[in-house]
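In what follows, subunit A forms one complex with subunit B and a second complex with subunit C.
Here is the complex of A and B:
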């Protein structure tokens, strides 16, 4: 077992109340109805993380007053975390935005304007930029929390209407490396298996994930599996920081940040050299590849490549508690268990070599055949509720079109143009700016108008000050659609108030390829509007401004539709029926009617309604389970890898060398800095910071310092500590805790306060393949600046 | 503004004020796993007074368990070693926060996650009559 209670408490006990001295809370409390006291329950999905818990909203007198889990749901089995229990408090919150706000210049105060005026301004500014500076001078930056219908219609108007692929979104910051990993290893994006594998797995390999806090209800399923089978089930936790996830671990592997690629290759070394691999599986389904040219090599070349990663050599690279013995044990557990499931998230994805790290995890599964059978999978956890459904599948990134189509392939562009009834060649062939490049283009004055929807890049971009400077330029017109003021609305010209979850209708697609509908249950606050309505009305005005009927054509099928249900339904119908047809994420069976009839939605591929009603595809690529595996079969083998990226229909085992982080500690900045999510808060706290229970549970970010480092630097629990990098600094209260490995500090990233906004310190280096930034590692120095200080929780109001 | 350092004092006060009843299983299990599902505890005595002893706004910004480690160590320990503790189900999810605090929560709180349990709750009984708080043991089927 990982940590006994006594050990764990000893590690955490150093935190005293002193670090929590504070003042008034930035919210007022309201009386709520009790859960039993409701008029009706309306079924939907949780708004707040990638797990996709299914829940019922209790409605009383037209207001959301309670939430409860849905026991029949295959995602959460009825359980909710505190955020899922409490987010109804966001609805009807007195600080909700309800009026469009405008200012010509960013140093002026906002004034309230009408929707007509607001839409006119938005259309004129975008049209003006296009006319004066060209189509690529405008951009959309969206969110893995926007509904699929929203992302889809935004990108349709941008690409088909405004002729630019400058369509990006915050999933670039969290999921892009996982996409790259799945495409290059398995030939198709998104996990092969499902949450249902958890109850059948015998070994869990959790790497780069504090899922106990970031994916609480999935963690609960793992915990239950382990507690019910303490001897049968092994849990390996690989993380430079001991986290609440480590509590269920049999083995915790703690190493110098960034060296995990060496651990993964060393495990492969053991698997090969101790003959733990599944030879038949490899011969039947896999090839070995290396380099940019994807050159195919043989088993002997792979074996030779791994000689640089003997457990002894890897242990020397990794430091921490990594020993050759530990690596061998982990490899044995992984390979020999009846079914092994890996789970990871940002610790792997937010890395300079995030795609490679993903590949190296997939390698272990391909080598050992720990794939495709019940309980075995290489399963990337998604951070946001609709990063998979809306953005990865719906065409929400600069290089992809709806239905997992690449922008650069003409045939695929033409399919989309045909589905939209717009002229061939309308969608430009060049992908747009990826996220960091997009905000760099703003810094350089190249983007003249940007629409930021449902996200707060001013807080969530790495090296945030650099990009906030650009966003405050007067020559970049910024529209923000959101429900509350944020650090980003502070930099906007036009702020448009939107409807919240359950105040509009739409689909979220969670981690396990599952699409779930959340219908409108209550009215939005007067003045707030659903995004789909906003985009439609804006596009109609754009068409007039630019005198371009093709822009109108992009929204023509939706004109006149009622905005709460009919409009999103029409958008979903177009997307699912026309754009996912014959693609690997075929969602034609997942109509609104079918989704409404299911307690928990549908997993794609689901080409027909009859199949969708069974719940869809639990395991991709398996004949008899996945209808596309049967349809696309080219031989008699039970597994068929029909994904769009691998013409050879093989799984690819990659020769990927160990590479360290972009910025390693040095004499000047001797510490590693890493960041992460805390259980009580969602992202930038604009929502959870307004829920008293959640805000009080974690009112500030703090910096976790290893006791050995704290002792050396004279830092005591609660002391104010400066964390400084080459880019910026924070001053935060210290938590002295044997969480982070010696030489590393860790900061939660939710805090909006300028002093504690850790993305002012993080680095914007990114993976050359996925373009995902390396939030998880940079170099910093720390020093004690004072004893404990009274602090005030802060959210932008 | 006045800085207040009342942590130890508070802990002392709360031990006296909060009466959650006596808990009979203060022993430390060898591991978290062995404890869960095995421990049985005394039923909790319902406490008449709702709410929480008065604390300052500053002190309200302390996670509950930080004070209760000292104020009600047995309860904190039980919770910490339970499924709820490992899964990070926190005090406020059942007991609320200061303004809406319930020392003895209603069963409705349980049903947020355990809706099906309603089907086997005996009339007139609370959930914790059979699954004693704060580790809520469940009999293995």
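Here is the complex of A and C:
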């Protein structure tokens, strides 16, 4: 062959990429050669956002060295983004945690201890807190990045073993409002449709999402659809900020932050008053409701309610580029296209009225019948790989048990207790603390021991200083399981090193109800352990400390299992076979064997293995597609809404008034502050100190300022700008450009440096329904403090 | 020296212009393209950080929508990480709520 190693790898790379788009290259590699790049490929999922891209990790000499997409996968169709590079960077990183670290007091240095000592301490501290202060003095705070098996076993030990529902997780901060919206509008959590709708949609309504940067692989699919049908497909982007997503839109609706509820109601006004609605669909499947008591009202009442939202009135509320004509055009495109798909993320969810905003998007789909048919869906994109699968489905929030069961319903608690073989009444009837309440309880000294897994609330909570103060209390024992030091390990007593993705086995459930298995491909660094092993061993010690055999019962089925594969498999078997049986997220067909055989996992409901092997349910509630829609059918209609939350089996159109943000700008704090994520926030490049490079590389957080505001305040690109709210301040370099609307500033929040940690400035007001904080909007003031300054990266060590 | 194979998704009217711009970038080799606006490229860079920079530059070009990764091999960089010759800077993904 005579090819150098590098030339061979380049050809492999080129041929792989060319095969995606059916292009021929003037060379080939014969079969033996094309298998020579790595020792083996192990198929799993990416864990760096919620899309659920499938990829093969290339393993050579026991290390992950290469990546390639899986073209047969129905999530990413083979494409990956640059976030995937983090895998090999993390796996061999010299700063990985590899030894348990302990200190009795938080002002002491950590010392290395053995796993036996660490687990004994964790057990003694939790048992001690329960004995002295009661069961609700302990808590678990988890993550949408934890595997389903991990979330499930943690919450099992907390609820069944320690008799508390103080089980929460960071998905509360990102998708709780989407959950609330789906439950109250459709009667069941999670989207009805799938990514597969993208290739069939004719109108995309993207609101509160910069998917070009945050979900680039899904954005690619959307753009392919648009490019292949430039005249047929319309893209509407609704966002107060100009972003790479808005730049490709046929229409960008830019408005004052927080006023989009008025836009959505005004679109409904147009749909009703210009008779763009689907009368038969509404009559067959929907009812109108309002208020806390969910009172049913009629069409006339809804029509009257919308009189406050004529396009003229809404345009006056919204400002920006919103005109009555724009609202009318958007409503027409939405209603009249053969199939409309809405997509949104945190711009809608992280709001004081996040659930209402979700409801108002769903309203448009119900009114126009833009649901359930191919290409039409109201589709919430998720930020984390397993917020849906592990946390929403696996019982990872304070008010829900595995299998979409509510804690407060006795019958459902009893089902779980029976499945676990523990006494009836063991799971307490009262939901635990939601996230903000949990950290407020720490501030108030009510929580004496908390286990924080795979997340860093010291950085990610809004108004972070307030909660960091509580977390630094000496009377709150904090255990953190993680792979690296973080702002939260800085406040911990006990830090336990864990295995990373592909160093252990487990399932992630992505945005589109799809569960996918990632098997262990390489060993974790010596000393790091998978969480499922840690929890099992901790629970056995807890049982001894508290002399409580029921705690042991919680992990009895898992004793002695090998931790890399057999243990998570046993946990998944219990969860899927016993806890999802006859629930809307029925995963009984999605056994490890089936998941391993699929290029891309299984969409629930998937009650049998035979059905799971087809890929599962592409569209919920549709007879002939969703087996539960057939099984649960109550009449001959093609759509059957069997979701657990709506006893009337109807879709609910909500009368939700426009409400502004919790904190609007005023004379003292005249700017809107919004925050968000960036495509490469997962890693920072090394410091350059030179401003042009700095802006190009985005290694540090910066504040985006509209040019008109910058001019008025004398702020030039790269100047250091103070961003101050009633809660705290940051000093960051300025990026001056037509991104945010005038009167608004925007800060990415990936930076751990104290000066640039924007959650020291954000507000901890939260949605009364979903309890999700309003990260997206608060009031601030800004001022120039100096010219450009070289910055230093901040990494916790 | 990581090596990556990508499909650059462009506006069909801009494909030829983008191809010319890509050919000027160091470490980027254009292999093929089609009428739908897909361009197959291979990037060879000094480090993953550099590759990310190049990808960012490509994605921000006029007429480019996405830069999709199909294949990446970083075997020699992994070796360097292991030997302690290269320490990637990582701000942790899970320091964020979503």
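Just so we're on the same page, the second predicted complex is superposed on the first by the 743 of 797 C-alpha atoms of A that agree within 3 Å, B and C clash if a C-alpha of one lies under 4 Å from a C-alpha of the other, contacts with A are read in each partner's own complex, and residues count from 1 in each chain.
Note that in this section a contact is a pair of C-beta atoms (placed from the backbone, for glycine too) under 8 Å apart; a residue touches a chain by one contact, two chains touch by 3 or more.
Source: prediction; values computed, not measured.
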Open item on the list: Contacts for A:67 in the overlay, against subunit B (first) and subunit C (second): which applies, first, second, both or neither?
Closed with: both
- [ ] Look at A:227 in the shared chain and tell me whether it touches subunit B only, subunit C only, both, or neither; answer first, second, both or neither.
- [x] both
Open item on the list: In the overlaid three-chain picture, which partner chain does A:790 touch, first (subunit B) or second (subunit C), both, or neither?
Closed with: first
- [ ] On the superposed three-chain arrangement, identify whether subunit B or subunit C touches more subunit A residues.
- [x] C
TODO: Please indicate which partner A:346 is in contact with in the superposed arrangement: first for subunit B, second for subunit C, both, or neither.
DONE: second
- [ ] Could you tell me if A:729 is touching subunit B, subunit C, both of them or neither one (first, second, both, neither)?
- [x] neither
- [ ] Could you look at A:578 and tell me whether it touches subunit B, subunit C, both or neither (first, second, both, neither)?
- [x] neither
- [ ] Return first, second, both or neither, reflecting whether A:82 touches subunit B, subunit C, both chains, or no partner chain.
- [x] both
- [ ] Overlap the subunit B and subunit C contact sets on subunit A and report the shared residues.
- [x] 6, 9, 13, 15-18, 20-25, 66-69, 78-82, 85, 212, 216, 219-220, 223-224, 227-228, 248, 680, 696-697, 699, 793
TODO: Would you pull the subunit C residues touching subunit A in the complex into a rising list?
DONE: 1-7, 9, 11-12, 29, 31-34, 36-38, 40-42, 44, 48-49, 51-53, 55-57, 65-66, 68-75, 77-78, 81-82, 84, 87-98
Open item on the list: Could you list, by residue number, the parts of subunit A that touch subunit C in their complex?
Closed with: 6, 9-10, 12-25, 37-38, 48, 50, 58, 60, 63-69, 78-86, 88-95, 143-145, 170-175, 212, 216-217, 219-220, 223-224, 227-228, 248, 345-346, 382-384, 387, 454-456, 459-460, 482-484, 486-487, 677, 680-686, 696-697, 699, 749-752, 775, 793, 795
- [ ] Please name which positions on subunit B make contact with subunit A in the complex.
- [x] 1, 3-5, 7, 10, 28, 30-34, 36-37, 57-63, 66-67, 69, 77, 80-81, 83, 86-90, 92-93, 96-97, 99-100, 106, 108-109, 111-116, 140
Open item on the list: So in the complex, the part of subunit A that touches subunit B is made up of which residues?
Closed with: 1, 4-6, 9, 13, 15-18, 20-25, 29, 32, 34-36, 66-71, 78-82, 85, 212-213, 216, 219-220, 223-224, 226-228, 230, 244, 247-248, 679-680, 692-693, 696-699, 790, 793
